[in-house]
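Consider the two complexes below, in which subunit A is the common component and subunit B and subunit C are the respective partners.
The block that comes next holds the complex of A and B.
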């Protein structure tokens, strides 16, 4: 049983003394107070017996209902949304125990483990992990961006050529913060007003923290200040097939993952 | 002996002890224990009528008092129909944006809804609005730029809130927004009258004008604001009934010596007011434009700062943040940005509160005075 518990908890990866997983800590501690405390006893006399009313208690604290404090852990490998390797993170206890400690992705940040981590970091000078992931959220963001179809609004009446700030503003309007230096545009200019470009796709490249890179589909939509000049409303305009502006980008545009709402529809049908 | 005869006998026994209830009860219990079937029938035996005495006078009084109290509590306060309707549609969630359990921004590219909102400088916000309202996108490069300022209307006392305030302010850099308002000026001397006319007052007059207003020759509806020179203070008092809240007073700044400044302020100044939320009582909002996108950023910043400082002067509490958040919008651009107000308004900390007594707001002043007087009385008691 002991050995089984040891294996389940991740074997040698956990530096904690491994107990059987059946042995659970049961917290049944209540802090109570006597409602009618007994009076003091007299000197040099045997103590009086307690009366029935002395056994009435008021609850001060129930430790079962107390919020458990957060766990402090050291990650043994990169965990998406949590942290990089060798990072000391603070997580909720159940998440930490079931998802990180049980799978061996983390160890407790005990003084010994912290000491060991410090020694290890000193010995290995080159940081391998930073070359794989720039931050805990970068990979998530990259995946979401690849799914995205960015709507780039352009004016129907006035002349325009799509520039970097157009893309940046379009990202910002759809709730994504992208600075100028993270955007890489294609060499060929796209300009208008040209109603043939309506609903056509082109690609820009976004680089997160100078590391994670992904192409993002952009869709041109025409817009007019005057409501009567605007193009008629089209339903489901974000769904495939996607027509590219430049024919050589068709391959990449079709291979990028579909947006979530398209996936849901395909599952339902 | 059948159960019927038993019953009859018992009834006779019962009739002997008229008035002594406990005895009858004893008999009844006895009957019940005899047979199970008879127990149903016992209830038909006529219960002996009891003499009922009134309770003592004190008890009666107490009971009537209790009853009256309950009735008073039941009566609901009259609520107008419109207010009742409004209460049926209570908005969901708080007016203020609440962000909990969101991490701070780590990367340079991120989805804004997953992270805490980052406040930016006004210059950036203006630049971003210019991009969105550019001729090649939304095509409204001359759009107004608006600020929405969220306020904390809580006064120092619990359950007391600052009333709505309205202000008029001369902008450092004027922009076309509100129509020019008509101003009537009361001044005695020729010099001051000339000064007012030069500044752009629509009507000027002295004591004779007051008489003409009283007789109804001059229609008051033509004018939006009424201002007066200091030396006319006593003469305009008979107009109180006609002008009502528009009567010039020192507090609103419509009585003074500098006619030029006053006329300019009331005819061309920017008007804005706070609106309190009907449900979230400590929530106040000031929404006002402060310029055009065509104006240079420095001018916009000056206007922005002037409005913020003016709002700050109406603060509710002597300490803590009064301006909780400031949004900058520019319709038709759908974006809104949170702009940090720290460079324009200093947050008063608790330590400074004792020295800061220059607050213009009447409510907070009275609050403070009350607090002080209470302290003094306490001190007296201790002595």
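The block that comes next holds the complex of A and C.
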């Protein structure tokens, strides 16, 4: 009885496409070899017909499981995270085919194209691209900085005026090392202690590789060494609306892109 | 056997360039894809020292009807058997190529085409630095499919006529320089890439004007017959007066089924 029941269940299952059928549907290219090679043909005679035995094959290799070699391309324009214009880059084949070649951002690094590129560079001689982009990742870094809200901690008891080293320390706290010469402060000084400045934004300008510049939002937060003086804990203090310290900076602060966690929240809701 | 013979004779009536193309396309040796050919002419058995000749017999491939709508890069369906255990009977097994749809760009035709391809095709296109070079440099027996042959035909026609990219003459000159060694005369390009049926239709169109043209070698009997008829008509008009109206035969005589029977 039990066996019969199992058979019935199995029979019912086979009517629907099961996992095993789907696994068999994966199709790949094979390199095969005859297990029983055919006999040799005679001289000046028609070739012998193959026997059924000669159609038994063994798989030597499955080419689709191998990793494809990288593609070598010449970029025709600046591509973020990939390279500068006229640079020879090595990329993964499908990324190169569909993102770069299909859109016209790159051409194949064939011998003719390489020669043409060499001639073009010799003729032009002025490197235009360096004035536009300093490196392949500079644009990504710039965008990442523009997205951030930098928390500048200030003291609640002692007098202070915000200087470059405050900003540098704040960057260091969020994991970015910025030298002093790359930071440009605003003209108007911000000084305290002043509790009205709590959670207000102001702008500093950061220069990457002495070329790309971006404004970065900084948020003032008060902090004290004495626990009884500290301000109460506030949740979601980095979310808009953003209040500026100086009213004329309001537009720039609101137009800069939102941090990633704010975007994720807006998508989820 | 007779069908094979007539085919050969039909092919022999077609121009030489088409015959060459057709024989390459259908019977030319294909690049090994599904097997690894042994190199050299002879091999020696390392144990016995016996020398044997090397004969590479390609694995027979099957071409389904979908094959003609894609570029499979020499891959096709392999039908055969697997012998999974020593004491087990062989089991039928088909080895299929993995097909994907991809967009390929042709510089000469200035088009992006969605084509069913294999990974091998994409790799070949990369190796030839572009779709146009791949199609032009690959022999017809390796393109094999109707689509590949037609693409090659349109490329060769465009190169022979030099009328592609009408809005961009600078690019056209550059491409003509690049594909210089693939340019063939227009008459050959017009015959290239036709199927046998299309070639025969074209042959008929080429031969028809010859038949319908002025009859140079018209048999004399036609001329004499016409002259004789004219002569007879003239005599008839001169000699005979108009014939009297003869009495009509009854309608029953026309129905008689035994009219021409001698016994009646």
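We adopt the following convention: the second predicted complex is superposed on the first by the 199 of 269 C-alpha atoms of A that agree within 3 Å, B and C clash if a C-alpha of one lies under 4 Å from a C-alpha of the other, contacts with A are read in each partner's own complex, and residues count from 1 in each chain.
Operating definition for what follows: a residue touches a chain if its C-beta (ideal position, glycine included) is under 8 Å from a C-beta of that chain, and two chains touch if they have at least 3 such contacts.
A quick note: this is a predicted structure, and the numbers were derived from the prediction, not measured.
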Subunit B versus subunit C as contact partner of A:158, first or second or both or neither: first
Touching partner for A:93 - first (subunit B), second (subunit C), both, neither: second
Which of subunit B and subunit C A:56 touches, first, second, both or neither: second
Partner chain in contact with A:33 - subunit B first, subunit C second, else both or neither: second
Partner chain in contact with A:138 - subunit B first, subunit C second, else both or neither: first
Subunit C residues within the subunit A interface of the complex: 33-36, 52-53, 55, 57, 59-60, 75, 78-83, 90, 93, 95-99, 102-103, 105, 112, 118-120, 122-123, 126, 129-130, 178
Subunit A to subunit C touching residues, read off their complex: 26-35, 38, 40-41, 47, 50, 52, 55-57, 60, 63-64, 68, 71, 93, 97-98, 101-102, 108, 110, 112-113
Residues of subunit B that touch subunit A when the two form their complex: 103, 105-114, 118, 128, 131-132, 135-140, 332, 334-335
In the complex with subunit B, residue positions of subunit A that touch it: 134-138, 141, 144-145, 153-155, 157-160, 165-166, 168-169, 172-173, 175-179, 181-182, 206-209, 223-225
